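There are two complexes below, and they share subunit A, which is joined by subunit B in the first and by subunit C in the second.
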Partner chain A sequence: MGDQKPETEGYVGQSVRTIEGRAPIMGKATYTNDINFPGQLHAHILRSPHAAANIKSIDTSGAEKVAGVVRVVTGAQAAEYIDPIPHYIDPAVFGGRSATIRCLALDHVWCFGQPVAVVVAEDKRTARYAVSRIVVDYEVTTPVIDAEDALKDDSPMVVPGWDANMIMQIPFGGGDVAKAFSSADRVVKTDVKVHRFSTQPIETRTYNAVYEAGTESLTLYGTVQNPHPLRHVLSKILRMPENKIRVHAPVIGGAFGMKMHGHPEEGLVCFLSKLIGQPVQWVEDREECLLIGAREQVHSVELAVTKDGMILGLRDHYLANTGAPSSCPGWGMAMLTGLTMPGPYSVQNLDVQLSAVVTNKPGWNASRGYGKEVTALALELSVDNAARELGLDPVDMRIKNFIKKDQFPYDSPTGLIYDSGDYEGVMRKAMDIIGYEDWKKQQEEAREEGRYIGIGVGFELTPEGGTLPGTLVAGYDSSTVRVAPDGSVRILTGVTTPGSGNPTGIAQIVADELGVRLDTIEVVQGDTTTCPYGFGNSSGRSTIVGGGSAAKAAIEVREKIIKVAAALMEVGESSVTMKDGIIVSGDKTIGLEEVCYACYTRAYDVGSVIDPPLEATAMFKPGLVRHTPNEKGQINPYPSYSNAAYVAISEVDVNTGEVKLLKFSVAHDCGNVINPILVEGQACGAIMFGIGAAMAENITFDENGRQLTKNFMDYVMPRIGDVPPITLAHHDSPNPVNYKGLKGAGEAGVGGSAAAVVNSVNNALSPFGVMMTETPLTAPRVWSAIQEAKKAQPQRKVA
Partner chain B sequence: MEDMLEDTVLVNLRINGRLHELEIPAHKSLLDLLREDLNLTGTHMGCMTGHCGACTVSIDGRVAKSCITLAATLGRAKITTIEGLTQDDGTLSALQQAFWDNAGFQCGYCAPGMLLCTVELLETNPDPSDADIDTALAGNLCRCTGYQSIRRAVKAAITTTKEGAPQAAE
Partner chain C sequence: MSLYPAFARPRDLGQAAEIMGSLSTGAMIIAGGQEVMPSVNYGALMPEVYIDVGQITALKGISEENGAIQIGSFTVHRDVQQSDVIQNNLPLLSYAAAQIGGGMQVHNRGTIGGNIVSMHPLYDILPSLLALGADVDILKDGEEQRMALADLMKDASHGLGSESLLVRVLLKPMTPDAGWAYEKLKITAGGYGSANAAAIVTLDSDKITSLRIIVGAVSALPVDISDALSDYRGQAWSEHLAEEIEAKASAAIKEPLSDHQGDGDWRRAMAGVMARRAIEAAVKRAG
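Let's look at the complex of A and B:
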């Protein structure tokens, strides 16, 4: 791939097809929604139609009369049996305000769509109908929708009892910001408004809980990214020990953060199954899925710059509208936005402050990029704006300010330690592969014809493998490698897959380390009863720590196999090699199965040189993380810093405001690549997220806080014709401490690509003086911006 | 339902080559019939409004969104689901193989729509342009791939089909 040849002749570095891909392509993969138990019951949830209200009374008698209804439960009834939902990332750990979150509202609702009551019935249609027979007497109160309004002195409180609508305010940065700003030639201010958008996997969330009275134990089958940590959460909600709970995640139909836990429905279906004694399933509908938002942030970025484009200092006091409190980890995204400032730029004078605000919109959940995509948007739009103000080329200005490749490891002003990189090289490669200079010529020619082509770049630094102290967001993970008497291999790992292909990547690693054929390996994930304790899927970690730990375990098992093989062949261990399941010493050859069978069956003669079984469990904990605060109180929660540059080419129809993307490129540094075709798929998928974010995906509300976005006609995601051809190249600077130099490849790209799109549109419309820094760039908005710019600059001659 | 209080329609359907005679409640979607009554769970629920395409099936040779199709209206229809693309012995069709080989899917949830729409495309247009591919798949959302590998997979399927690889099973 790229400039590099695969390290070995093995599987690592090869674009092998996924070992887990056969079932889905046959329609035979089992997703949670496909599971149906004998006695299966179905839950449907009554949700608040108001953004803020007191619940005066609930009358469930109408629902209870519906034939086929098994049970109706209100918040007050549920509270007798279950406790509040522990936070995935508790704001209190970071000194913030922490609200009590329940599966069903008690006496007050704080957002549209909040669960109020639930019906369990024999079929889903009956459950849905019966919900409409519940009568709730609400006393509607004034909601707070806007983050700035929420901070006004006379604002109603979203959370009863709080003295401010604020989870927390956190400063990030250091240096001498005042001096940087006073010595600058210019201060360029850019207001970047990022709208509320969401990940929306095509498979919605589903949970199916089975309580077994005989063993007083419970199994939750669910669309779950992090089974072990969820088990802990369920144990607290249900007042059950963890060893009585099993969480099993079957095949998952995309996650992107949405299926990280804290959702009220997880504990709710478990409680209902326990209460009723039958399996209870809940399937999220699309309207419910669209309630979960993220990323609504208002940035006010000030760059203190010299006239030749050096950034001396950066100030950004930003507001995040995180919606109503939620136990999901979404709110933490806003924190990571600040922590990742100033991204790839060598700026040490930094004054960044987050205000994480609560409002009466529904809460957030984690979304691909986890706040780092908003850092990229805010920075990259600001740099383009500054370059235009200064009359500089936006690429030159970036390169001038990039951290240089000989400056790693690099201490950022927020306390991060960047592991490695060649940002200029990455940027130049992205430009080369798309033919940047050629597009500039095409742009000029097009303008002469009255067509507006735009060229935009965006850079994203995406720290990966994150771990937060005092939370179950851990930096390490573990895997077990087992080789059976027939020589077949089973890997059990604590990491999970949302469908991204990491089981195949992990299997490729083990095939090479163990010396077996890839098709003899099976990977088991997502089950708290069979897999070693692990932290699942998040933060681009699965191949880093799942692969790293599986490699260590494989090496241990291989040593055992080699020892017994040597004993069988009566040769020295050092002369024995094993590849593709063939064991060789000089001119002697022996098959893997014969050796494995001997390991298990001849423990008192040739097998006595090892302790069977052929099994090892190992843990991999990446370095560079620093959880002990430095003298400024800062931590570094990330072991690796993937990065990428994006170039977008667009054409704007100035009569309609419609933007068409013509071409895209990305140069990507994710460390060494295990499987190029799968990494490419991750990069292209993230770019599509960025295109959707920049162009159309938007969750909107009316003035009373009722959500208007209800389906895929309202929430417009890119379709195949909206995504232009994407050219990809790698420019890898391997991580110095991770196994194989991996940096993580799944999460990066949403912000950098969205920024490239926005910058390309602004570039296309530069003859009009248009500079849009509020997303999304829908056609009406682009058209309006053109009209306003024309009005503001009537003297400007445009074609 | 046991009391037959619901309106039902007696319907003959051929699904993946197998004939079914079913008394179907009038309100029941084809999606629910396939998934709940016939255990054909390869057809997926994504939105229930006909926008995402995860529930796509082929009805009499034309793709349809099964979530917004009433099963009781399909008397004498010939339906193919994703399960019907694989041969009885487990051999994948050239199209399935091309999608697998080219990473034309990640999580696989949208695969029913991508595959069945491509089947219809290639039956009517054996040599489609990029624009033809985009049009044929416009009704199907994929949230994982960014569509690049889907285009590649479709083109690979065209190449293998031209070279005479086995066609999709009926």
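Let's look at the complex of A and C:
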């Protein structure tokens, strides 16, 4: 493409092509699994076939006899050398129960799929075969599968020694809830059940550890979102200092939160390499990838409303089935669901309570939306239900209750401080671009032909860039900008990319701030040895803090370049400008390379006005975050509040229950946009997630807690042919405190789009009186809801 | 179960018979590999010997002779779709082969024989072959035996085993006036079906002269409901008849599957819906 720079000012705001190039799209990038070493061994893990059992004995002799097997390790053996896995977000920091998590189970397993032993062999097939030769004597105990059952008095304990199957109960809210409910015209109750579904990157997790005995140092090449914090975790597990560990995250084939750390295999693979003294690789298979859960929650939302649709108060005591304890940050999703209530709605009387329950299902990890998608589902399904009960238009009811654009910054009853927004404007734009009114006409015409078209809306507030006190979930980050003697630029960031394109966004920012061409910039990320200390990728933070810190560093370096350029041209600094690598003062022009070379080589004459080298490291810490609790003990962990509205048009085949999506629109506010096409890619991806969530993706278990979902035949994700045309618009309210007014753009949309789909199906089936508030809306479920509605209302004339 | 499997590649049916006769269980016949290899990669299958039948020319190709059509068991779906012989004489089969999921790779490598002997309840070819009254030739104990496909499909638990080899499928051309349809209900593009039905009907003006409907993907094996519909022969086609066929097709499913594709009640109901849609489309085509 050559120079992609358009005619307009600067790179920021332009849809330039990603600097990562075509390789990731074509699968040609060098992923962790492509990095191989001489003498590399392969690990395969024996996992528990039971949801709950005591391990009486393990006989590894059969596996050890298999030719090609190098080592077999049980939990008891591993515990001699390695320590438990530190929590990414320790519940104890927030007053909850904290379990000890080990890489391999010791004498008790608490979920299906929990690692019990590991075989290291010369090749993958041998390792897998040898695992089948390990004999474990389990004493199977009664598992707890359901969150409600887990809270019964006679329930077995998931974690031996705990007195309740609960990580913690947390209340959120404030105001006078009792008064709001007593003064309401109606209380509309909606039970929203969100099922267990996860994220499924094309690239499963892979860890490739290389221990060097000579230097007593370890390098982990891995599918890792947060290399520096993982290095800290590994140092604790392996009993090694952090400076002897290097974590390197090559190109990632999708992460979505799943590659945040705390997984047993991270420490385990490093330990095995150290134990054996050879490189060890482990590649997760799809069945293992599907073990990682998320999102399963049961809400009981009560809206205290006036007859004209004002929401006076909201009550929601909800359960999250977070599965067995894990060191991954997944359980925190349940906390964020409550913290983000009541979303975009101006409701100050709020009584929300989370019960984060442990069960004998496999544990959670972070999943795109990080709990905020469930907030959106619970709220948006409840508002639609209330609107139907009140006989109001669901959009009118939303607009009536939205926080108004002149109310920002807005203090939410849970302690959050919303930075900016125009929720009504966003909603109206999403409706305009899809032709909302026209679809209403089409719906009426279709009904006369016996076809059922539905129109559904959903809104999602997505706080982004989060930071939790006392954890390595940080709000700030740093970057280094280096300009070489030839004028080429290298940016090293503490943030990483999950494949979303933030290196391109950061490069665009630096190109503008520094005044150089985009194609002279290289971005290096994901290596604890070369990059500044940073917190990697989470919570839509990378462009906010990676871009903000790189901009500050670029400004420092630019000042040096300008100073030397001025000295070279013998002009005043204030007369010098630099753009696209060309430095101008009046009618004098000088090239960037000439100036940079002088900066490095003429430190004792024209270069003496600066301190070489042309390098700066800067930190960016967004404002608005409040970690000191207010009088109610509340904190605000987020600096930015992205938001978006979704409209889904669907058609339901009432004979089969099939839902076909006809059209989709989204209007999105992520503050100022650095690269529209990258933001749009994120938004479309989130809609795919939302459609999958609403319609099919589901992780299921049998009554003994054994997972039934093992592959993509069972876990049905939407194919491109299932996704309707998506119309997208930006409606940006710049963040008042962040660099360039940025808000996070990586997470938003899973819940809002899922809610739009569910609401569209309910809208399509409103002639039957169907109101489904349990996901996913599979064809069999939609079909049986229609059958039940027909039975309940035989007098109604339908189809 | 072996970590170091042996590989045999017979060059003709004689060699194949010899090899199959000399091996015990643990041998696995492999043709296109679309059924076997995913199970091997997944670790569910570890055959001791692979018998690769891909070099046996007698298993390949489509031919027509004296009004009989033969399809070698190694014929890939793509060839079934595109063959002039099949398109002209057995349009139902050509169409059904095009509905097979899994995309281009499966169409180019998966074989009609593999699709049959795997006896997978969700696969696409069987309902059409049963509706067409196919016969099959099977090589066992060194001899070829001919049998009706319907007789082979009586027991899903057995399959053919490694001691038998499906050689070819034999079919008679459809009559030019026959109306036909294959309807498949699938929830995502490219996914497995949750219910399907193949129908063939002939009409004399608007009166039904013959009617065959096979319903698939709703129970362990496809269900032939044609006998239950024999009373309709001689009757005029009507909307009412379509409703009755839907009810009878549902009622014919005694033991519906209940799996990730959907629960039993829904599958049973969908058997009816697919049967109805198939017969409606077939009648339209015949008319």
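Rule of thumb we're sticking to: the second predicted complex is superposed on the first by the 785 of 799 C-alpha atoms of A that agree within 3 Å, B and C clash if a C-alpha of one lies under 4 Å from a C-alpha of the other, contacts with A are read in each partner's own complex, and residues count from 1 in each chain.
Just so it is clear, contacts are C-beta pairs under 8 Å (C-beta built on N, C-alpha and C of every residue); 3 or more make two chains touch, one makes a residue touch a chain.
Because the structure is a prediction, the values reported are computed rather than measured.
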| item | value |
| --- | --- |
| Partner chain(s) touched by A:T204 [first = subunit B, second = subunit C, both, neither] | first |
| A:T656 touches, of subunit B and subunit C: first, second, both or neither? | second |
| Touched partner set for A:T709, first subunit B, second subunit C, both or neither | second |
| Which of subunit B and subunit C A:T700 touches, first, second, both or neither | second |
| Residue contacts with subunit A in the superposition, subunit B compared against subunit C | B |
| Contacts of A:I720 with subunit B and subunit C, given as first, second, both or neither | both |
| Partner chain in contact with A:G27 - subunit B first, subunit C second, else both or neither | first |
| Overlap of subunit C and subunit B interfaces on subunit A (superposed complexes) | 125, 711, 713, 717-721 |
| Residues of subunit A touching subunit C in the complex | 66, 125-126, 128-129, 287, 655-658, 695-696, 700, 708-709, 711, 713-714, 716-722, 778-780, 783-784 |
| Contacting residues of subunit C [partner subunit A, same complex] | 3, 42-43, 46, 185, 187-192, 194, 260, 262-263, 265-266, 269-270, 273 |
| For the subunit A and subunit B complex, residues of the former touching the latter | 15, 17-18, 21-31, 33-34, 36, 125, 199-204, 251-254, 256, 283, 285-286, 498-501, 677-678, 680-681, 683-688, 711-713, 717-721, 723, 725-726 |
| Complex interface listing, subunit B residues touching subunit A | 27, 35-36, 40-49, 51-52, 54, 81-83, 85-86, 92, 96, 99-103, 105-112, 115, 131, 133-135, 137-138, 140-151 |
